[in-house]
Amino acid sequence: MPSGGLLLQSVVLGLLLGGLYALLAAGLTLYFGIMRVVMIAHSAFLILAAYVAWWFNVRTGLDPLLSLAGTVPLFFVTGVAMQRLLLARLRPATLTMMSVLLTFAIALFIEGMLGYLFTGTQRRIQLAYSASSLDLFGARIAVVKLIAFGLAGAALLGLYLLLKHSRFGWALRATIQHRDAARLAGIDTDRVAGYGFGLGLATAAIGGTALALDATVYPSLHWHWIGPLMAIIVVGGLGSIPGAAIAAMVLGMAQSLLQIPLGTTWAQTVFYLALFATLALRPQGFFGGRLAQRF
Amino acid sequence: MHATARVKLGIAASAVAVALAVTGCTGDGGSEKPASDPIVIGISLPLTGDFAEPGKGVQRGYEAWAKIVNDQGGLLGRKIELKILDDQSNADRVVADYEQLIGRDKVDLVFGPFSTRLVVPAGRVAEEYGMLFVEPAGAAAQVFEQGFKNLFYAAPAVAGDHYNHLAKHILALPADRRPKTAAYAAMDDPFAQGTAYGLKAKLEAGGITTVVNEVYPPNTTDFGGIAAKIAASKADIVVGGSQYQDGVNLIVALQQLNYQPKLAAFSTAPTNPEFAKAIGNKTEGILAPTGYTNKAKYPSNLEFVEKYKAQFGTEPEEDEANAYTTGQVVAAAVKAVGCAEQGECQKKLVDWLRTNKVETVVGPLSWDAQGRPQGAHMIQQWAGGDIQIVLPEDVKEAGFIYPKPAW
Amino acid sequence: MTAPRNLETVELTKRFGGVTALDGASIAFHDGKINAIIGPNGSGKTTYFNCVTGMIRADSGQTTYRGHDITRRPPHAIAAAGIGRTFQLCRVFPRMSALDNVLVAARPGGVATRLRGARGRAEVARAREWLAHMGMDHLEGVEAGNLSWGQQKLLELAGVLMSEPETILLDEPAGGVNPALIDRIAALVRELNAAGKTFIIVEHNMDLVMNLCEHIVVLDRGRPIAAGPPSVIRSDERVLGAYLG
Amino acid sequence: MRSVSKARVWLGLPVLLAGVGLVLSFPSLAPNPYLLSVGIVVLNYAVLSTAWNFMGGFTGYISLGHGALAGLGAYGTALLITKAGMPSFAALFAATAIVALLAIPLGFAALRVRGASFVIVSIALVLILLLVFQSWASLTGGSSGLVVPRPFPQLLRPEHHRVFYYLFAGLLALALLCWWLIDRSRFGLGLKAVREDEDKAESLGTPTFAYKLVIFTVSAAFTALGGGLYALWFGDLDPVFQFSILSGAYMVLMALLGGVRNLFGPVLGALIVGIGLEYFKVEYGNTPLHLVASGLLLAVVVMFMPDGVIPSVSNVFGRFFQPTRASIREVSAEQLREEARR
């Protein structure tokens, strides 16, 4: 039986990790909702943002969080451009499959370019507060992890408010619910889809910066993120943002707690087991709506 | 419909053209060479990919060796020519590379690549072509369990023996000072894990209880969970079977949890020049094994360090030294046997190395029947912002600090 | 009304999110008739087709075909039971030849037949017959995607007929088709009906419906509001109300 | 129609024979064992991408995880030899059978719903198997990898290559034959209907789920055979390379590039990509630019020629030789027959 201290520590770590997962999965499921696109390059952009944060820190010596001012708008524009110039041009009949390949190609391209520019060496930001931590009822919370969590939480909250309480959010949700009906209601769905894509990519920028604070990055790291993220969005129900957030917290916590008896590696399999179980038992996901049924 | 047939015809035609081009450009591979030709040495190294950094170090070591030998007139009166290919840290590639070097380019000798994972497949190619295979980097146990007859490891000790001096020292402590519990975290990599488990076996035999034993895959970046377990166990000593970045991450994660062991030993990472900066200079008391110090007084090492500095502007590290050692070992055999080409000669080189001792920059080396060197590594410790040799007693530069101060 | 029951649904309900597409639709059709389902846009006609053919799973309710429960059976099993259908916007296999489009629908036998060559003599002969019936025998080698809209409609119908259904569901057969072709399709339906096939047609073209069909069901907001022969429907006030909103 | 296929056979047969002759004589033409080993690698690619094309070509379901199935075949073969003591080739077939069986529950989870889930499962498969094979060190050797005993220990390396070259060529022939048989069967017609319009196919009575499951199993079996044979030839297995998304992606790239609807499309793709990779390595060896190049090539194929090189080229040829083809809608049966005779 693990000690109470270790248990508490794991719960704290799971919570912190789940927050980051939630933000990133929200972006991934957003693309799917809008366009039925499985955006394999999401995590590659995540790593790209992390690299930008690292590089910014190395070059300027300033806090990597400041790089957000550049990456968020940049990624937003990139997302809009990607949707309008590439994905929207694929044949609708084969969109799902071909978009997977196209975004996969983009992921390869980013990975290759990062490797070319920065080599395959693992990189880590060195901050004055890297090893600092706070005490919470005996559990230690690393300051960097707390900042990352706060960033993810704030971004997620912002996304939620935007979707629920803005006119754009209304249009976006209508587009996700029923594209044709949304068009009939006078929504320019192509435009909305483009902005939605940009929004998704902006979450990757924030997530990547948060990630860079306390983790090591290397070009091929994105493969280790895309798997859990895809599992999360399927478990949460493809296209459902609240579903993705809940699934992310549940699975992130499960991973952290399972590390105690199983070790890090086996604990990671929880994502994939949840994925297979979901598809075999409840293909529409556990929190999702009708969208997932036919995909 | 006939368009399809035409296309197929076109495809077949281009396939023929490609095949002819591929076969045609390599018509003459096997002609005999006159004795004054250079000795061509084929090497495949990971210049890109996971092992790119150490791979480049090995490359510098080989180049330094070739330059030094050539400046002194070459080997057997023949110049040394290195033919280095990049295997992208990929086992498929490394095999194709040695295949190409031996089968197509007909190199005279081969040197080994970097990392245990690449040494085994590469060693098999050399073995099946009957080539002598001296390698600078395959220290893990299984390298020597493949039944290779032509393989020699050009370094003082295999992975499991790296910590021998440390184990002896710990177990010799008086019972009241001796640590009671130990935590181990090792990368799932034959070399890194080999070092940690070598120490683990010896400490367990000496009565020190293992309270945490974690293995993580090479691509792990989040060490929070592992660190939490180690910190919760309050183990007296922590041993990390690490490469570079994972060691840094694990130490930072442990420090985030404010875990203060009496002894902390990590392989590879602490000897890296960037290490102190990477963990924010909180290095106090960290231990690491090393097979090489550029301050060693062996005659060939003095020459190596001086000429290396002249060539590259920095002091050589362990990877460079191991590569240089590989060159020295092969050169000794070539000089003694008097030949360097494919065929019968290779067998003679192997036989000579099997029964002789070679003086190198890491000291005198000799091998058992499987190619294992018969030595142990020195132990270094960080103290006051500097890393110095503390074990064994006869070569130490500073005293061993135990228990270690807080980091 | 003495003909045996053909397709029948009891309290069929389907919701999409907050929208109720079918609201407890209980409808019965009878063998050997040409039936129609009409109703304003969004009244649930196509959803009804999708539910009874198994393409969409209804939330509740029951579907029977000639007395057998088919509610939860997969679409291919429903097809095998004898119900063929066309789609609202005509759907063909665009990158397969016209002949292959028809051959796909050949009733598969056991495992051995499935592994045999697709172009068995008997099947090809039958497929050509149906193509010829549509006046398309000269186009059998053309990829379906290259055919004109009307030709695609006919091809889709030929495919459905190849599968030897007893009951045929047509979703807007006259949609986007020129008048000459509408007449042809109507003649075809009458001819097949005379040969014993039952039809259920969703259609907006009221002239066609009133001329062709013997029994008409009017859907509004997911439930039937009227049923009967054209003469009755034409004068039903509820129907008029539904259309005028 | 009949005369058309006859004409195709008459034109195609000599080309086919020439191709077969070339493949068979390559070992005698290759001047050194290295080139022979390159030939084996290309043949292996051809086998794997043809195996992938059972699923991808017929049904249009794109799997990025076939690398994992090949890895399973490889590890299965190796483990059955080392742990169960089976003879090499018996182990190969047993491993293939095991992978085929395993494909059934996998396909069940992945194919119940449409495309997107299938892709996600296929990627997840690679990642989870990588974790398992890295972590379960007591069985698989973990990151240290696994050494596969040589099936012909008495052979020297060049002869060893020669034997395996013909084994791979035989396997490729078998895979192509199967693909061709399915292509012309009613089963194949049903699968193609799934690719074109799954709902429509099902409404016409095609049991699409069962069909997809069967072809996925067949595809998995051939992939496992390819992977297992590679393990016997290569001798060293490392989970990072056996369970790599990249290897699966290369299969997709090769098949797509050559043309997924053509029997020889994947083979052509393997030839181009295999030789291209080799060339790229020689020219730009010490950079990760091969990833960039693969990514760009994949993107270009997806955006501009999703049907691959063969249809694109034949379109150009078609336009060149028959400028009237654009008006095909009104071509009569006589004209079609006329064309075929030409």
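Letters A, B, C and D name the chains as they come in the text, with residue numbers starting at 1 for each one.
Methods note: a contact is a pair of C-beta atoms (placed from the backbone, for glycine too) under 8 Å apart; a residue touches a chain by one contact, two chains touch by 3 or more.
Note that the structure is a prediction, hence the values are computed from the model and not measured.
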Relative to chain C, largest Cα-centroid distance belongs to chain B
Middle chain, criterion being Cα centroid separation: D
Just curious, how far off is chain C from chain B if you go by their C-alpha centres, in Å? 72
Between chain D and chain B, distance of the C-alpha-averaged centres to the nearest whole Å: 37
Need the CA-centroid distance for the pair chain C / chain D, whole Å please. 40
Please list all residues of chain C that touch 2 or more other chains. 94
Specify, in ascending order, the residues of chain A that touch 2 or more different other chains. 115, 120, 224, 263, 265
By residue number and range, which residues of chain D touch two or more other chains? 4, 131, 134-135, 287-288
Going by the contact rule at the top, pick out the chain B residues touching chain A in the complex. 48-50, 52-53, 89, 188, 214-217, 219-222, 224-226, 228-229, 231-232, 244-245, 248-249, 252-253, 255-258, 277-280, 282
Which of the residues in chain A come into contact with chain B in the complex? 2-3, 5-6, 9-10, 13, 17, 115, 119-122, 124, 126, 128, 130-133, 140, 142, 145, 215-217, 220-221, 224, 256, 259-260, 263-265, 267
If you look only at chain C, which of its residues touch chain D in the complex? 53, 55, 74-77, 79-80, 84-85, 87, 91-96, 99-100, 103-108, 113-120, 137-142, 146-148, 151, 159-160, 163
Chain C partner contacts - residues on chain D that touch it in the complex: 1, 4, 181, 184-190, 192-193, 196-197, 199-209, 261, 328-329, 331-333, 336
Which positions of chain D touch chain B when the two form their complex? 4, 7-8, 11-12, 15-16, 18-19, 22, 26, 29-35, 37-38, 41, 131, 134-135, 137, 142-145, 147, 156-158, 160, 234-236, 238, 240-241, 264, 268, 271, 275, 281, 285-288, 310, 313-314, 317-318, 321-322, 339-340, 342
